[in-house]
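Per-chain residue numbering starts at 1, and chain names A, B, C and D are given in the order in which the chains are listed.
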Amino acid sequence: MKLRERFQTFMHNEALKKKLYIIIFESDTPLGKTFDVALMWCIILSILLVFVESMQGLPAVIKPFMVWAEYLFTAFFTIEYLTRLYCSPKPKEYALSFFGVVDLLATLPFYISWIFGGARYLMIIRTFRLIRVFRVFKLFSFLNEGNILLLSLILSSRKIMVFFLFVVIIVISIGTIMYMVEGDLPNSSFHNIPESIYWAIVTLTTVGYGDITPVTPLGQFLSAVVMLLGYTIMAVPTGIVSATMIKESGTSKVSDDNENLDDEIIEEMSNDIDTRTCPNCGRGGHDQEAVFCKYCGERL
Amino acid sequence: MKLRERFQTFMHNEALKKKLYIIIFESDTPLGKTFDVALMWCIILSILLVFVESMQGLPAVIKPFMVWAEYLFTAFFTIEYLTRLYCSPKPKEYALSFFGVVDLLATLPFYISWIFGGARYLMIIRTFRLIRVFRVFKLFSFLNEGNILLLSLILSSRKIMVFFLFVVIIVISIGTIMYMVEGDLPNSSFHNIPESIYWAIVTLTTVGYGDITPVTPLGQFLSAVVMLLGYTIMAVPTGIVSATMIKESGTSKVSDDNENLDDEIIEEMSNDIDTRTCPNCGRGGHDQEAVFCKYCGERL
Amino acid sequence: MKLRERFQTFMHNEALKKKLYIIIFESDTPLGKTFDVALMWCIILSILLVFVESMQGLPAVIKPFMVWAEYLFTAFFTIEYLTRLYCSPKPKEYALSFFGVVDLLATLPFYISWIFGGARYLMIIRTFRLIRVFRVFKLFSFLNEGNILLLSLILSSRKIMVFFLFVVIIVISIGTIMYMVEGDLPNSSFHNIPESIYWAIVTLTTVGYGDITPVTPLGQFLSAVVMLLGYTIMAVPTGIVSATMIKESGTSKVSDDNENLDDEIIEEMSNDIDTRTCPNCGRGGHDQEAVFCKYCGERL
Amino acid sequence: MKLRERFQTFMHNEALKKKLYIIIFESDTPLGKTFDVALMWCIILSILLVFVESMQGLPAVIKPFMVWAEYLFTAFFTIEYLTRLYCSPKPKEYALSFFGVVDLLATLPFYISWIFGGARYLMIIRTFRLIRVFRVFKLFSFLNEGNILLLSLILSSRKIMVFFLFVVIIVISIGTIMYMVEGDLPNSSFHNIPESIYWAIVTLTTVGYGDITPVTPLGQFLSAVVMLLGYTIMAVPTGIVSATMIKESGTSKVSDDNENLDDEIIEEMSNDIDTRTCPNCGRGGHDQEAVFCKYCGERL
């Protein structure tokens, strides 16, 4: 069939792919930049739309406009996702990358709620697409900071997990004890053990809603102990992360010398950082003279 | 008597002991692993059972099932404890070790509540048995992190105790002052000095339930001072623990070099760490080629 | 015209300018010191006046006095601002400096509320003038500490901004999920998504007002997760700032040696630090023998 | 007069003074130790008495016993104070030292309330006498830790004061803005600016009572900003104190090597530390072979 052939040609039109790729995946060209900024605005507007939709007492007259706006945004995001798949040199890698999954999830909830109803608010997953803001505005040094933060957290994660196991054991024990102490009172707000554990977490983390509070002297004494415990062990994750960050920042070159700081910041800001992303792994931040991706060795 | 003889033989059946020991105390063999995983599930299910029991408004039809489940779990834990005692080469050491005491306490509450009534919820002590999870899943490096955390806390404990004495003096003083300021008001929630001290702790630790709040301008001013104080002195335990951790992590080899991190993590994860525990002191984490316990010198 | 000539003479009366400059901008002379202390009191009193004005149920008899006091303070601040402009060698630089803008804003709200009504409470901007307290009381070492703090925050700002973007994404996601979980309940306090996001921030930051609380078990479970998350990621900004401060304090000379501390503090306190401010950039803290501003090279 | 002479002899009975001094001021002898422990118990009991007194609904039958107990404690503390004055080699120095003032204040409130009424609860000042517990139980190493903590805070105090000035400016500004936003609402809990500032402090310090909460979307948005601000700037005092402590602990010898830790702790605990206090300045912690006070040079 003619149609199938044309489709085949279209699917292998490398020149078109390349052109679209530069617009959609990069932001070095004016068109690419414009596209990325427009995309950011679409994401923000579609999030605000979800916010507004959730409000009660809206005038009935806006309703149809909002429905149409939703159709438009979803159509735009769907086309964008398909185009990304089309023009990506390695569509499978893109589809399975973090941004690829998020891009897909950003369009799905609408279709699901269209067919099955419900699940509409899951559109909020579009928020995650905002992480792209760093790439769009060439704020790679920020992404770098994010990587250091993430690395610190990952390096600390084992210590934090051990800490959490102990927190879980503590809150289960405390919650049960509090239920035994205050559970039988007629006006008690400790209705059962899971609720008491919820209270223990509220107290230990110093959140302190006040929806469940002890009323007996013994209960108040136990609460005070939990609070002081929470106040003290709060020091543990902070100490863990601080210690890791201090060591991290000692080895990173970025913030080593403080004297040239202003120059450094200015340079970083004005520096014409390359916005090319790797067609294979989708990661950015490559040097301008780079020919191969520094993460996976793929040709850029 | 014949029976007594058979019991004597059973009590000295070293081959059976060895076999059981490998199953119950270690998790290198498929059977040992299966046993440990089953044990973990029993612990988790018995904890959930306590949770469910505490809930009001359960259909009466479930009640008998829950009672039977409780019988079963307790029987299982009792048999397990007795078997551990039986097959441990040094039963006394095991019985007095941390895990030995916890294993005993995990079975007792049921019998106590059976005879005397009450105390049933103390079964929650089974939670502490979950610490074994690290051994079961060969996460010795995690236990190691736990040791570093514990060491940091122990090293900081004297400073933290001094800090606590001052916190106690502060909250007693503040609580009394607040009682003098707001205690005489008709709608006051500061009914007596202990309750005011409870309020002072709630405020100083930034928990802030809101069940007791000042209503006079002077009381609100004093509260604001307490809050700012609590906000600032929170820095003290954090500073203590951070300082200790930074020094600790400087001397520990585990996380010294960041470059080889990924290799290290992978190696640690995949490394076929030995799950044998010392029959004398009960500690694990021995190298595969080890013949003697590295903690107490006992033959493994 | 005669008047214009006299105005011209007045505007170029360098001797008068110099004299006023020493009184208003500096506090080395007794008159300069007296002026600065009087100014501080005026600022504090005018702030207290705004406080009192906001209270309901004041006796009607005080009203006129308060109006007159307001006139007086505004007149004083206006004249002071004009005099500062008049006697500053570089009026434009002063007018655009931080203190110049604050000095102007401290007088404007009254005139605006006089002409248009409202906006009267904006006079509270006078609070910012209190930062001058450090100069008046020769506490330059304090200002120095402030600079170190500020520098630490600026150096950490990129990391903190990345952290905030993630916090924003987290609270939007959590808020939406909570709205989906609890929004449909008849007695729900989660009325719409923005309110749920507000709740997520209240919980994540461990503030915990308790005006919006989950009532379903699932909602309470999610809340507990958010609390533990907030409790842990609180460590991130602290770790960032701590790491920066430790590095900063390592390079700063001020607090390098602890042995001579008492001497140092005494010396700093008693030291007759110069209160001259640069006529060009308005910054103080110059050495007594300094002839040129150490910041901009302007003659003092 | 005979009486006067006898009083004179008594006042100069150096042997008696010495004997009493060893009992009251030191705790090396069995009698001295017994006295100190008895004193601690008296302090704790008299504090508990104040607690109990503040409770409403006590049976009338206890009242007289409590009054008598109060008489007894006050008599004991008064006699103790006078004896301390009598047997101290330099009574004036003792009377003006921290402990001397606290010892006096611990007896005064009773007499004041006896003559003028009221002020009775100020007896709680006796709590401060508990700081002596470290001396009684020979926990000088703890006092040492306390000194390091105190030194860290003093070294950080200037930075913390600058931080507080900014916090004050922030809460005044935020409180005023919130009053402008929510003050006019009919059901507003922001009644006036001071109350709004109180709210701002409650929110910024993440205490979050919930007695005053915003109800408008704009107010909730502003609150969220304040919370995130408070969540972040909490890092500043922590960073300050951590940085100081890390530097401090780097220079202190006490906790320098971690290997010999257990030995060190044991040694410190068992070490027969001298409990002599300087008769001039009242400070303890002298070496056993010391002949002169290491703080003021007075002969011990």
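The rule is simple: a residue touches a chain if its C-beta (ideal position, glycine included) is under 8 Å from a C-beta of that chain, and two chains touch if they have at least 3 such contacts.
Please read these numbers as outputs of a predicted model, since none were measured by experiment.
Common neighbours of subunit A and subunit D under the contact rule above are B, C.
Copies subunit B and subunit D of the same chain sequence form an interface built mainly from non-equivalent positions, shared numbers / all numbers used being under half. Each of B-C and A-C has its own count of C-beta contacts, and the greater count is at A-C. Overlaying subunit C onto subunit D using CA atoms gives a rotation of 90 degrees, to the nearest 5.
Averaged C-alpha coordinates give centres for subunit A and subunit C that are 33 Å from one another. Centre to centre, using the average C-alpha position, subunit B and subunit C are separated by 46 Å. Multi-chain contact residues of subunit D, defined as those touching 2 or more other chains: 194, 206-210, 234, 238, 240, 242, 244, 246, 248. Residue ranges on subunit A touching subunit D, taken from their complex, read 206-210, 238, 242. Across the complex, subunit D meets subunit C through its residues 151, 155, 158-159, 161-163, 165-166, 168-169, 172-173, 176, 179-180, 183, 191-194, 203, 206-210, 213, 217, 220-221, 223-224, 227-228, 230-232, 234-236, 238-240, 242-244, 246-248, 251.
Only residues 47, 50-51, 54-56, 121-122, 124-125, 127-128, 130-131, 133, 141-143, 145-146, 148-149, 152-153, 160, 164, 167, 194-195, 197-198, 201-202, 204-211, 234, 237-238, 240-242, 244-246, 248-249, 255, 258, 261 of subunit A touch subunit C when the two sit together in their complex.
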